[in-house]
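Each structure below is given as structure tokens.
Each of the next two complexes has subunit A plus one more chain, namely subunit B in the first and subunit C in the second.
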Partner chain A sequence: MLTVENLTISFRTDEGRITPVQDVGFSVAEGRTLGIVGESGSGKSVSTKALMRLLPGNAEIGREARMRYTSKSGEDIAIEALKPGSRALRRLRGGEIGMIFQEPMASFSPVYTIGNQIMETVRLHRGLNGTAARDLAVEMLTKVGISNPGARVDQYPHELSGGMRQRAMIALALSAGPRLLIADEPTTALDVTIQAQVLDLMRDLQRDLGMGMIFITHDLGVIAHVADDVAVMYLGTIVETGTAREVLKSPAHPYTRGLIKAIPRLDRLDARLEAVPGDIPSPSARPTGCPFHTRCAEAIAGLCERVTPPEVRLAQGRRVRCHLHDETRAVA
Partner chain B sequence: MSRGDSETLFEIRDLEVSFDVGKRGFFSGTRKQLKAVDGVSFDIRRGETVGLVGESGSGKTTVGRAILRVIEPSGGQVLYHGRRGDLDLAHATSEELRAARAEMQMVFREGGLDLAPLGPRALRPLRSRMSLVFQDPYSSLNPRMTVRDIIAEPLVAGGLMRDRGQIDARVREIAARCKLDLEHLRRFPHAFSGGQRQRICIARALVAGPDFVVCDESVSALDVSIQAEIINLLKDLQEETGVSFLFIAHDLSVVARISHRVAVMYVGRFVEYAPTESLFFHPRHPYTHALLSAVPEPDPDLPFRPERLQGEIPNPADAPQGCRFHTRCPFARPRCAQEVPDWRELTSDHYVACHYAEEFDFRRARETAHTDPVKEREPT
Partner chain C sequence: MARFLIERLFGMIVTLFLVSIMVFFIMELPPGDYAERYAFRKYSGTGITMTEADVQAIRAELGLDAPAITRYLDWMGGIVLNGDFGPAYAFDTSVNNIIGDKVWLTLGLLFATLIVTYVISIPVGIYAAVRRGGLADYGLTIFSYLGLALPNFLLALVMLYFANLWFGASIGGLFSPQYAEAPWSAAKFWDLVKHLWLPAAVLAWSAMAYQIQTVRATMSDELGKLSVMAARARGVPEARLLLKYPARLAINPVVSTIGFDVNRIFSELPIVAVVLGLTELGDLLLKSYLDLDMNVAGAILLLLTVVIVVMNFVSDLLLAWLDPRIRLGG
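On to the complex of A and B.
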């Protein structure tokens, strides 16, 4: 339902051009969840904001970028070609693609009640008014497991706890009936017991509604339990994709391997953690060649720092950007 | 642990901290009190890392700050067993240092010194014995000071060293131990990444050779690949210097990795305190069990069956009667709503506050067949 190809995003800043996303491609199928994992500065949020055309004014989407989305009515939309402020774009945002952010307090308006904000969405995208809109708002709040929804609907965001607010945020995003839901670190600000509740809820809702979902997180533990497919990002490129099981069980890229080894696990207390050496370079000083070569223990001298690795296809539809897997390398 | 294995450094007895949370009415003048910490007792040994976990609003940060006397406890004792003569500053040669040492010895007595009632002046000589590393390495470094001056600050402020050359030598030594590039000492903090900044904060915390450092969510803001390095660094520094850490975090797997013993807090009280192995593999309190089951592990083969807790964490200003967890506990019985459970030693060194802890046996599986998928696929 969504295919992204050759997405490059750059920003004009006072210090020159920086390119936080370089040549990224991924796709999401109906009813499946794509997990995007990456550390800070990997470009995971920026690339999904481009899908909603929510990038700030100094951002530029590269000319070769293709973002194809199939709408509810079956028509193909080229997201990159939509005019800012156009009707089609407004219909896409919310109505076709819903979004949930990390900090629900920042995404709700503090001066309107939860109900008001859900009803506004319902009015815009579903054409319901008055009591019908209100009933739907209450129904959505019930669906996300908010107790006493009839009263909560008239409360302001600050009156709800963090977990409640995130549930209300999910209700808001779902009330427009999107086909695709983008969740940007939706549980990062929550406590673990509340996170477990929200993850459960999102999985159930997705199954019931058959939505596609893009789930952005830095937590591989969360990925293991919500995502069908996963894309690992590092410094603006996708270094590895595949099913979540395959990638976590047998990571192909040295970065993914390093990341998995660096995670402290609860069932292994004694072993010393293996850190990935060095620091994440800043996006304005992006290394040439493979972006990971500065920290990679297996880097091939004379190659990795010069040549950007091609995307190599492995078994089971997996893809990895690494010279180590490139069998044509010796020939070239 | 490197030295003085089971020697107690801190004994915390019935620690209480309350905050005023605004007047009820404009004229009534009665203030509402919020007990952020309500009767917490535990001890910290020399050279040990005690992990403190809990969800937001549990009061874990407040415990750490009350021990350091950054905030005023409203009740209880914080007994500090000073090192008495053995100061462990790497360069304890100067006159100033000896003077500081003598001054401190005067306040250490047999049976520990209670920090809770001490005023600012009496605390002053103790300040350099204790330190704090914060969560956010971006806001905890002064942008107008060089890294060298930031790290030297505790030595200067505590009056431990006055000679510039001596200070420089000590700063360089601790910076090297914290794996900072000595070239970087002349720079300002803005030039550094999150991981480097946190190493600067750690160097600053350890420069005066403290007995005790509170690390309050010190790795939470860092990326996983950087986090592991900081955890390893803290462990190494503890080996070398014998410092004790109180490691406060909400991330259980990080705490498990660094701590010798772990305490679990829920709405202002401790519910369990035990050596790391027994707490994580054999928890006795239903809340600890629920918390552990809610952590998703990065392995799709491990079943993820979080214990479903009902409802939300109670507001500490309006804490439930009896056991504070009874409103969400799947095993709650009528007694739990009425009687506050005692804080008791269930088995050796394993403390728990639950009426029915004997009945619970939440054993968690250790990793079974140790096959490391990562190693198997190493490309050749």
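On to the complex of A and C.
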């Protein structure tokens, strides 16, 4: 339902041009969840904002980028070609693709009730008004497991707890009836116990509604829980993709292996968490060759720091960008 | 909301009480009283020497010999119970007679100024923030610096010159000569409006410059908020989105500083009034204070401070109405 190819995003900044997303491609199949995982600054949010054309004015999407989305009515939409402010773009935002952000408190306007903001969306995308819109708002709140929804609908965001707010945010996104839901670290700001509840809720809703979902996180443990497919991002490129099962079972890229070691596990509680060693280079000083070579224990001297690894296809539709898997590479 | 209202109302009443004591204290402050001034006026040059006993007699006649607490209670009692500000000694009439019309004109000028300030600065500040970095934004920034740098009375002179040039001579003052003494009518009111815009614009000048900057800064902040992006991600049309989400919050700092604006307008009013030939309260306040005609001075001082306190209360209420986090104590 969504295919992204050659997505490159750069920003004009005071310190010059930076390109935090380079040549990214991924796709989401109907009814499946794609997890995008990567450390802070790897370009996860920026890439998904591009899908909604939500990037700020100083951002530029590369000319070769193609973002194809198939709408509810079966129409093929070239997202990169939509005119700003056009009806088609507004229908896409919310009505076709819904988005949930990391900070549930900040995602709501503090001066309108939860219901006001849900009903606005319902009016825009479902053409319902008055009591019908309100009934749907209450129904959505019920669906996301908010108790006493008839009263909650008239409350302000600050009157709800963090977990409730994120549930309400999910209700808000779903009330427009999207076919694809983008969740950008929706549980990071929540307590651990509530995190698990919200994760389960999102997974169940995704299944019940048959939506496609893009789930962004920096935690591979979360991916194991919710995602069907996974794309591992490092410094603005996708270094490995495949089904979540396969990638977690036998990670092909050294970076993915590092991330898996960093998953907290019950049977290893005594052992210290191993974060991927080394510092993340800044996007303005992107390493040449393989972007990961500055931190890679298996780097091939003389090759990795000079030559960008090509994308290598492995079995079961998996792909990886690493010289270790490149059979054709000239022996260094 | 009811609780909030009662709290603020109680706060306002306490403030008003303290204000009345302060005003009374200020009335007591100058050395001497009107009895001495009266004796001096009436008998200086007549050859009659006034003894301390004579002055004392006048004092008793005017009721100025009672202890301060009695005089305060008398004074406040008259105002609160009958709206009577007492006698104006120097004018041989009541304070109410002296200041009556001027109070309404001053209030009219105040509200005209506030309206001009907000009607211009709020939309302009919002526009500048949305078009941040554009030509209009730079133009407005320069205007704002000018507005803050240029003294009001200078601006008043310049505007008076041009207003005279374009609209004829009758622009000074608050009324055309034929309406000055006439009873109120629609025509007189329209005449007042025609005269009011110039002083209102002059008085609004620096507040406008300041508030444009405030609105622009808050609006810029608000535009970057996640809630705005979230609304955009729900497909809310841009114009509506700007008004409903960031603009709604961008006016909060303006609303919360209404009291300051009133205070500043009152401080700038006297000098602007002199330049534009307006008869308002400030001028009278100064004269009566010099004359030791303390009932007049006190009444004016009290009215001006009460207006400021009440406007602060109104600003609190507006803010609570605009922002549920305040209203609901979040």
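Descriptive notes on the structure:
By definition in this document, the second predicted complex is superposed on the first by the 318 of 332 C-alpha atoms of A that agree within 3 Å, B and C clash if a C-alpha of one lies under 4 Å from a C-alpha of the other, contacts with A are read in each partner's own complex, and residues count from 1 in each chain.
The rule is simple: a contact is a pair of C-beta atoms (placed from the backbone, for glycine too) under 8 Å apart; a residue touches a chain by one contact, two chains touch by 3 or more.
As the structure is a computational prediction, the values presented were derived from the model and not from experiment.
Subunit B and subunit C, once both complexes are superposed via subunit A, fit side by side. Touch criterion not met for A:Met213: it reaches neither subunit B nor subunit C. When the two structures are aligned on the shared chain, A:Gly258 is found in touch with subunit B, with no touch to subunit C. In the superposition on chain A, A:Thr121 makes contact with subunit C only, while subunit B stays out of contact range. In the superposed model, A:Ala50 makes contact with neither subunit B nor subunit C. Contacts of A:Val312 after superposition on the shared chain: neither subunit B nor subunit C is touched. Applying the stated contact rule after C-alpha superposition, one finds that A:Gly163 touches subunit B and leaves subunit C untouched. Of the two partner chains placed by superposition, A:Val239 touches none, neither subunit B nor subunit C. Between subunit B and subunit C, B touches the greater number of residues of subunit A.
After overlaying the two complexes on the shared chain, residue contacts for A:Met1 are found with neither subunit B nor subunit C. Once chain A of one complex is fitted onto chain A of the other, the partner contacts of A:Val192 are limited to subunit B, with no touch recorded for subunit C. When the two structures are aligned on their common chain, the gap between the nearest CA atoms of subunit B and subunit C comes to 6 Å.
In the superposition on the C-alpha atoms of chain A, no part of subunit A is touched by subunit B in one complex and by subunit C in the other. For subunit A in complex with subunit C, the residues that touch the partner chain are 52, 54, 85, 89-95, 98-99, 101, 103, 106-113, 117, 120-121, 124-125, 156, 158-159, 172-173, 176. Contacts from subunit B toward subunit A in the complex involve residues 55-56, 193-196, 223-229, 231-232, 235, 250, 252-254, 256-257, 276-277, 280, 290-302, 304, 306, 308-309, 311-313, 364-367, 373-374, 376-377, 379.
Of all residues in subunit A, those touching subunit B in their complex are 39-40, 147, 161-164, 191-197, 199-200, 218-225, 244-245, 248-252, 257-269, 272-277, 279-280, 282, 295, 298, 324-325. Considering their complex, residues 225-227, 229-238, 244-245, 248-249, 322-325, 328, 330 of subunit C touch subunit A.
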